[in-house]
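Next up: some structures, all given as structure tokens.
You will see chain A twice below: alongside chain B first, and alongside chain C after that.
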Partner chain A sequence: MLDQKTINRILMAFGIVGVALLFAVPIIGSRAMVQDLFGVLTLLILAQNWNLLAGFAGLVSVGQQAFVGVGAYAMFACVILLGLDPLVGILVGGFVAMALAVPMAFFAFRLAGAYFAIGTWVVAEIVRLCFAQWKALGGGTGTSLPKGTTKNMFGVPEIKELLGVSSSAASDALTYWLALVLALATLGAGYFFLRSRMGLGLQAIRDNDEAARSVGVNPTRLKAWVFMLTAFGTGICGALLFIQITRVTPEAAFSVLDWTAFVIFITVIGGIGTLPGPIVGVVFFYILQRALSDYGTVYLIVLGSIGIIVMLFARRGLWGLFSDKTGIELLSLRQYAPETKPNPLAQIK
Partner chain B sequence: MSILTLKSLSKSFGALTVTDDVSLDVMAGEALGIIGPNGAGKSTLFNLIAGNIKPDSGHVLLDGVDVTRASPMERVHAGVGRSFQIPQPFSHLSVFENLMVAAQFGGGHRGAEAECSCMSIIEQTGLGPVANDLSGGLSLLQRKRLELARAMSTSPKLILLDEIAGGLTDGECVALIKTIKSIHAQGTTIIWIEHVLHALNSVVERLMVLNFGKMLMVGDVDEVMNAPAVKEIYLGIEI
Partner chain C sequence: MIWVDTLVQGILLGGLYALFAAGLSLVFGVMRLVNLAHGDLIVLAAFVILTIATTLGLHPFVAVFLAMPIMFAVGWGLQTYILNRVLGDDILPPLLVTFGLSVVIQNTLLETFSADSQKLTAGPIEAQSVALGPTTVGLTPLLTLASAILVIFALNQLFYRTKLGRAFRATSDDPVTVGLMVIRPNNVFAIATGIAMVVATIAALYLGVRANFDPTIGPARLLYAFQAVIIGGLGSLWGTLAGGIIIGVAQALGAAVNPEWQLLSGHVAFVLVLLFRPRGLFPRAND
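Showing the complex of A and B:
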């Protein structure tokens, strides 16, 4: 049997090598691979945010596409109407999404359970219809980034020079690296948030709402924080996605299938309420997609069936199953009484 | 100075009146016991004081401030810590983490200070050996002890204890009495619902008797225990 220390070292080594390889992909890999992995990473970011929201704060939102869309449109507005660099637009997209989260929470937090899910979906649809009215950004038919925008984006000429590739390949590399950094940052931020006082409060609410209130936890306030923070993360991701896509329409930007349904599938399959869950889920999803993408609707039916099977027989997803079988816990949130602290990153139950 | 005042508090569940025009003054620093038969409305009174349910009529005052409409959370911050008769642990959190929630949100402690306060309460309540165990896996007795410890962790001025001495061995009971006495000695006001009368009476100064939601009497321990009306209720029920 391997002991704790060895497992920690092995996992640490795997993590470092994996991340290093991912960073090297634009240098050593093909452009198609870069684009593929960009898709995977952005789905991972969305799944990490949804996992925080639904898995830890109990807010099962089906309206996260609202934040993707708003982030994307905010970025387009920055570029087309204000002439700003798209990278500035990404940040603006995050903040605009967070601003939308305030009235949305005000409405949706009055609804419980399934009504919350439906309420968020309805809001997202309304927001989509509103953006379809925005003539300056193409109304219902949408618009494209002006020619040359991504070629002249901050950092692209330097990358082009450095890697000796075309401008569009350099811009793909840049958005890819940004997605990778954002995915890692989201993972880190989620980990530290959940291990903080607020994270502990969230876990208490999840276990027993009544008792949590009775020891001074304010569930509404904590959940509102998570709703706002994940809206920010989701909005940033939306803006980044559409820099790479370069064309936005209300249907694409506010797609419930692409930005919420698949994301829910990924999180549930991987392990909702666990930090490694979305990572496992996105890898699984990618493999399935590659294997089944030629089969059209059959592919969606298979996805749905797998989702249902996992929900019924492995409620904590593939990661939960693995963790229960092997006793390996990664990125554990446990806080230990002083004097008895083992390594918090990985341990055996 | 009274820390808690109840003014003609009433609460009904449908046709059943569970709290019937109860008025009470509790002085800061005192220890009050509440006794009464099963279903008398004792736990309901705690729910009213801690804000988990709202009265149909009447008022709850803490330190002279009317908190009748305040949420449980606001009352914790005003200094009320409670335990639940049926333990309500955060079952996927360890004992230590359960207390950390209470210390950080209810007690307003931060970081190392919160850890320190939790560790001393864990020590005091004998939960040391299970400090890092998930509370969902604890025995009933350990869960009851956790209820006490978690209420203590909110650093309350007034602590509400609901039947925490049942089922203990003599030795454990002595230890529990010692713990509660030490909380009392720190100046914390105690209201304790308990069927184990010898434990209760070794701590509290006053007793209140509830019957069918009504306050039957309140007074010194000896006075209440010797009152004919109380003997009538308790004879044949349990002593």
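Showing the complex of A and C:
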């Protein structure tokens, strides 16, 4: 029987090989594969952010599409109105989403528990309806990135030369690598944040609000931080997504189904409140979508039903089930008491 | 003059929103459950009425009486077999389960009835109007508001005048202690959700007679309903009516200024009320 440390080392090795393979996909894989995996990775980024929000900070938001949409629109505005590089637009998208999070938190944090979900949803609707009025970016019908934008994007000509592929394949490769880096960064940031003093405070609030307050944790401030940081991550992801899509409309950019509902199911099925959960969930979602792709919206019915079953019978999702059965913990957030040195005086009697 | 007309239209529209919201308000009042599938359940009820009306050749106003017991059973079953399992201190499971239900109901309706727009045809009543003081109003909108007032009056009578209502209030206050009085909380919850679905069926009737509907419109109705409940104050049924009317009037006024602002002004009214009265206008419960 292997002990926990050996198992962890083996899994870690698998993880590193897996990540290396993922980085190599644009070189060794087909373009369709790159595009498919880009979709999976962006969903994973959204799910990781939502998991931090709902699973660790207890903020069940149904309005994350607001940040995706705002990020996307900010990127489009940078490219079309200011003539900036789309990659700069991505960063701007993140900051604009974060800026939106401030008034949104100010309003939604007044609503307790379940009403927070409705409040965020309503704010997302308001933002969508406002962007539909922005005539410079096409109003209700939306707009496209100018022709050639992605071909001349920073780094694309170099990749084109290096890999010897077409411009559009090179731009796919670039957005794919960015998505992969962003997904890994979100995972790493989530891990270190949750292991930090702030993260510990957050989990203390989740487990017992009053006890956490009594030892000096300020729940509102911590939650506001998480809300803003996840808005940043979600906004960046939204901007990145729409560089690949190249066309933005209010309906697509602020879609509650694409950017929030899927993300919720992925997190719940994979394991809410665990770091590996979203990864397991996104793999499951991808397989399900592929297997049922010939049957219209049936996969949504199946997805919803599985989400309900998981919530009823296995609240910590597939990862939680696996972890309980095997005792394997990955990216564990468990804190151990410091080892006490044997007291030399205890020997002398 | 046109403003009076807009105001009246808004109030009448508010009647429809109050009907959407009454069931939600009842369920929240009894078991503190936030049902994110409520909008889709209303749309489901509309399709049940449509199916009964077309297969049996009945008028929608008659078919609704056959749809009511069916929807009561749906609500009862939903509560007994699914929702009762997730009630508790943790808000996450009920939210996620009802969100899942919303997606399942919506897409099952899409698969069964396709994405085509449907309508309940009620004959000449749809186009009739009556003179009301300085303005003329449609008969169906007037009936909607009258039904909303009647439904809320009836629910209040049920809540405060009957044995069942006493059980509702007692279970709401303390679900453990009522167990000592030979009341089974899970049963009470199931009946409450059943009644909420009967109210949703009445809402569905007016939804279908007044305008087109298709399987995807549920979530928007859910938002209006929630706004009405929260503006009115949690647990207050008359407050819910007031909340519905506020949303209706705000939408009508917004639409009068610019047709694109109809939905926006409804949402903005909701945000404004909550900024100044975080617990709604007529809060009843202390939670």
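Please note the rule applied: the second predicted complex is superposed on the first by the 339 of 349 C-alpha atoms of A that agree within 3 Å, B and C clash if a C-alpha of one lies under 4 Å from a C-alpha of the other, contacts with A are read in each partner's own complex, and residues count from 1 in each chain.
Basically, a contact is a pair of C-beta atoms (placed from the backbone, for glycine too) under 8 Å apart; a residue touches a chain by one contact, two chains touch by 3 or more.
Predicted model only: the values in this text are computed from it and were never measured.
Visitor: Name the contact category of A:N218: first (chain B only), second (chain C only), both, or neither.
Guide: first
Visitor: For A:S293, using the defined touch cut-off, is the partner it touches chain B, chain C, both, or neither? Pick first, second, both or neither.
Guide: neither
Visitor: When the two structures are overlaid on chain A, which partner does A:T141 contact: first (chain B), second (chain C), both, or neither?
Guide: neither
Visitor: For A:L200, decide between first (touching chain B), second (touching chain C), both and neither.
Guide: After superposing on A, A:L200 lies in contact with chain B but is clear of chain C.
Visitor: By the touch definition at the top of the document, which applies to A:Y336: first (chain B), second (chain C), both, or neither?
Guide: A:Y336: touches chain B, not chain C.
Visitor: When both complexes are superposed, which of chain B and chain C contacts more residues belonging to chain A?
Guide: C
Visitor: Show me the chain A residues, by the header's touch rule, that chain B contacts in one structure and chain C contacts in the other.
Guide: Comparing the two interfaces on chain A, one with chain B and one with chain C, no residues are shared.
Visitor: Per the contact definition, I'd like the list of chain C residues that touch chain A in the complex.
Guide: Residues 34, 36, 82, 85-86, 91-97, 99-104, 107-108, 110-111, 219, 223, 226-227, 230, 260, 263-264, 267-268, 270-271, 274-275, 278.
Visitor: For chain B, which residues count as touching chain A in their complex?
Guide: 50, 52, 71-73, 76-77, 81-82, 84, 88-94, 96-98, 100-102, 104-107, 110, 115-116, 118-119, 122, 131-132, 150, 153-154
Visitor: Can you name the residues of chain A that touch chain C in the complex?
Guide: 54, 58, 60, 62, 107, 110-111, 113-115, 117-119, 121-123, 125-126, 129-130, 132-133, 140, 256-257, 261, 264-265, 268, 272, 296-298, 300-301, 303-305, 307-308, 311-312, 315
Visitor: Please name which positions on chain A make contact with chain B in the complex.
Guide: Within the complex, chain A touches chain B at residues 197, 200-201, 203-204, 206-208, 210-218, 334-338, 340.
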